[in-house]
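Notes to accompany the following structure.
We just call them A, B and C in the order they show up, numbering each chain from 1.
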Amino acid sequence: MIAEDLNVFKKFTPKTLPKEEPLVFGHRACQGCGEVLALRMVAKAIGSPMVIVSATGCMEIISSPYPQTAWAVPWIHVAFENAAAVASGVEVGLKTLMAKGRIPEKKITVVAFAGDGGTADIGLQSLSGALERGHDFVYVCLDNEAYMNTGIQRSSSTPFGAMTTTSPAGKITAGQTTWKKNLPAIAAAHNIPYVATASPAYYLDLMNKAKKAAMIKGPAYLHVYSPCPTGWRHGTDLAIEVSRLVVETNIFPLYEVMEGKYLVRKNTKPKPVEEYLKQQRRFSHLTPDLIQIIQKRVDAEYERLLKLEGMTAKAESKEGPKEEVKEE
Amino acid sequence: MAQRRGMEVSIAVSEAVKLANVDVISAYPITPQTHIVEHLSELVADGELKAAFIPVESEHSALSAAVGAAAVGARAYTATSSQGLALMHEIMFIASGLRLPMVMTVVNRALSTPINIWNDLSDIMAERDTGWVQLFAINGQEAVDLTLQAFKIAEDSRVLLPVVVNLDGFILSHVIEPVEMPDQEQVDRFLPVFNPALRLDPDHPVSLGAFGSPDVYMEVKKQLEEALIGSQKVITEVWKDFGILFGRSYKPVESYRTKGAETLLLTMGSITETAMMAVDALREKGQKVGLIHLRLWRPFPFKEFFQAIREAKVLAVVDRALTPGGMGGPVGLEIKSALFEKTDRPYVAAFIAGLGGRDLTQEIFTEMVEKANRYARKKKEMRYEMIGVREK
Amino acid sequence: MAKVDALHPWKEVPLGCAILEPGNARTFKTGDWRSKIRPVIDREKCIKCGMCWIFCPDMAYGHREDGYFDWNPDYCKGCGICARECPKDAISMIAEEE
């Protein structure tokens, strides 16, 4: 039960943030990369001892240019679609070796990192398999809303209307024509103990969620919003600003699903979506009509989330979680 | 004292995996490998095998999970066939490239299309270039022995490569053969606990699977190539140790009645035993026929191959896979390329037979020998010939 | 001491192209990437909140004994997040002086 797992959970405060940097400077991420910042925060919050499994993507490329590695912790990259499968093998391997007394028994957190492409598209199968099998690991989707490493192509996590090279703003279609795939819902549908969304602007919330995810036995899924100044075409200094606006507009609400119970961070006076969209040139082609469509859908999705919270609060759960998501 | 008893070969292989004290099994079912994973599942569920069984959701994940387990220092095993092996293809190169020891049983089955569950070697031939050590069993005993040896070869510090043990689907996997199962104590003496060279360890962090530029890629491949070629020395040692401990010895190229033989059949896999019957019958008639079979496919045993064929005038190579639009079959291609550097070489008649489970009878082997001899006499220029295709 | 280039003979490449020295990327000074601007801290305004440190994607701020934060020119790429996020506007982006 996660209440037991979280018995000793103590929230991070600004003064008690861990100083360990599992990822060191010298990595080759772009100026102002929101994803590497998110990665840094999650890895810091979880802390050693851990083993990281990375899918192919920006984070893997910028952190492991042979002969250099920016990783101060054990790290493995195998392929694009199998971070969750490799992590499954790592987790089971470690457990078995400990059970057989071949390595000392201690808690080693297995963390899989993948982008939105490596999670929502090509990686969805192995993620689903790992979640269903109940491996004790943390899966982190660093969502920069496109296949950025290969040059900004759309993924199923690209938001409606966003321009990418394969969802260009053309004469006939204007940007992404489908709504962003709801990965946290897919993860939650596997009935895993913990699902959470996070944004690097709300760093305490993010790091506390990462810490919880690591403490909870069984699979935990973190969906972390990760701005990409290069792909989203915004200023290099705006990653945190944009990460804040995405939450303030309810485009990316912060919530947790703990043993099926939804806990949503309330935002009753959201800013209009336009404030978020106008910051990024990937949305500059949007007409007022399209922006209206986005606004309506964002509001509807947020309402739906609140309804889920209400519904699952009444649902029978053996033990309620101790921690509530509070406003920062 | 080891007991010899009749066992379904799939079950015998699972028992060998159990004797090898594997740590992690990750597998996905596919005909005709299923009995192996089912039996292993039972052994784990009953506590007879202290391993973890990961029932993955695809073969790609099966191999990926095995890679993850091997990377932390666990002895990993998986098994597959045909389409499953094809699905693993991407990861095959990565497993060997990362220099992770693991063992996989491939129960050879034809690749689609058309979808076909019966035996040929197209599945493993498509994985020829993946950098794995590749061994072929011709009967149940060999399937067991090669499996045990595979772990030892893979984990040797001079090798550190994944190993595949091939056995024919249905015609070997599902038949009951007399097998002498070694006992645990013997195997423990033969196969020590896995001591990984590199592993993911928080106390000694390493990064595996780095991004390699043109500056380093060729060097890494050279290293892999040297390791694969060099593995033959280790394989020979392992086979010698095995022979001493268990009384059964193995060679990279096995010869059957090759003394004084002018014509040789060259086979791989369990059809070898049928071919041997054809050889016996032809010998009865006074023909100077023999057979060699390749137990070791990768690394290719050039020296042993040349030695085995040194007296032969005619070589009838039997391929059970097609490389369309080229030289016919991958084995024929390999043999002819190997012989290219020799000025004195036999006539090579390359045949393709038994695809998709088409029965390979003693008569067909006899036909191939007869044709090979006839073509050799006529000095016929032949690239290859497909046997048994209905023309009308 | 990590080699920045990858030009080792094949026998010297670690097994499977593994990288054995953790965090050796720190020998690569990404501070070279800065072209136009760099942050400057006004210690009078600084309240030691640590936002610059926590929001830097390149870990270019380090803790000091006295609670202030030191900017590391070796790794700062000049993105400007710190200047934008500082709650007291204690950080400004100024022209890089060579």
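Following the convention adopted for this analysis, contacts are C-beta pairs under 8 Å (C-beta built on N, C-alpha and C of every residue); 3 or more make two chains touch, one makes a residue touch a chain.
Note that the structure is a prediction, hence the values are computed from the model and not measured.
Interface comparison, A-C against B-C: more C-beta pairs in contact at A-C. Comparing the centres of all chains, each the average of its CA atoms, the largest separation from chain B belongs to C.
Per-chain Cα centroids separate chain A from chain B by 43 Å.
For this pair, chain A with chain C, the centres built from the Cα atoms lie 24 Å apart. With centres taken as mean Cα positions, chain C sits 52 Å from chain B.
Annotation for chain A: residues touching 2 or more other chains are 64-67, 69, 71-73.
Multi-chain contact residues of chain B, defined as those touching 2 or more other chains: 98, 205-208, 210, 212-213, 216.
Among all residues of chain C, those that touch two or more other chains are 5-6, 8, 17, 19, 22. Those residues of chain B whose C-beta lies close enough to touch chain C in the complex are 97-100, 160, 197-198, 205-208, 210, 212-213, 215-216, 218-220, 222-223, 226.
Of all the residues in chain C, the ones that touch chain B in their complex are 5-11, 13, 15-20, 22.
Residues 23-24, 26, 50-52, 54-58, 60-61, 64-74, 76, 90-91, 94, 98, 193, 200-203, 205-213, 216 of chain B are the ones touching chain A in the complex. Those residues of chain A whose C-beta lies close enough to touch chain B in the complex are 48-51, 53-54, 60-61, 64-67, 69, 71-79, 81-82, 85-97, 99-100, 102-103, 108, 125-126, 128-129, 132-133.
Residues 14, 17, 19, 21, 23-34, 36-37, 40-41, 63-73, 200, 203, 229, 235-241 of chain A touch chain C in their complex.
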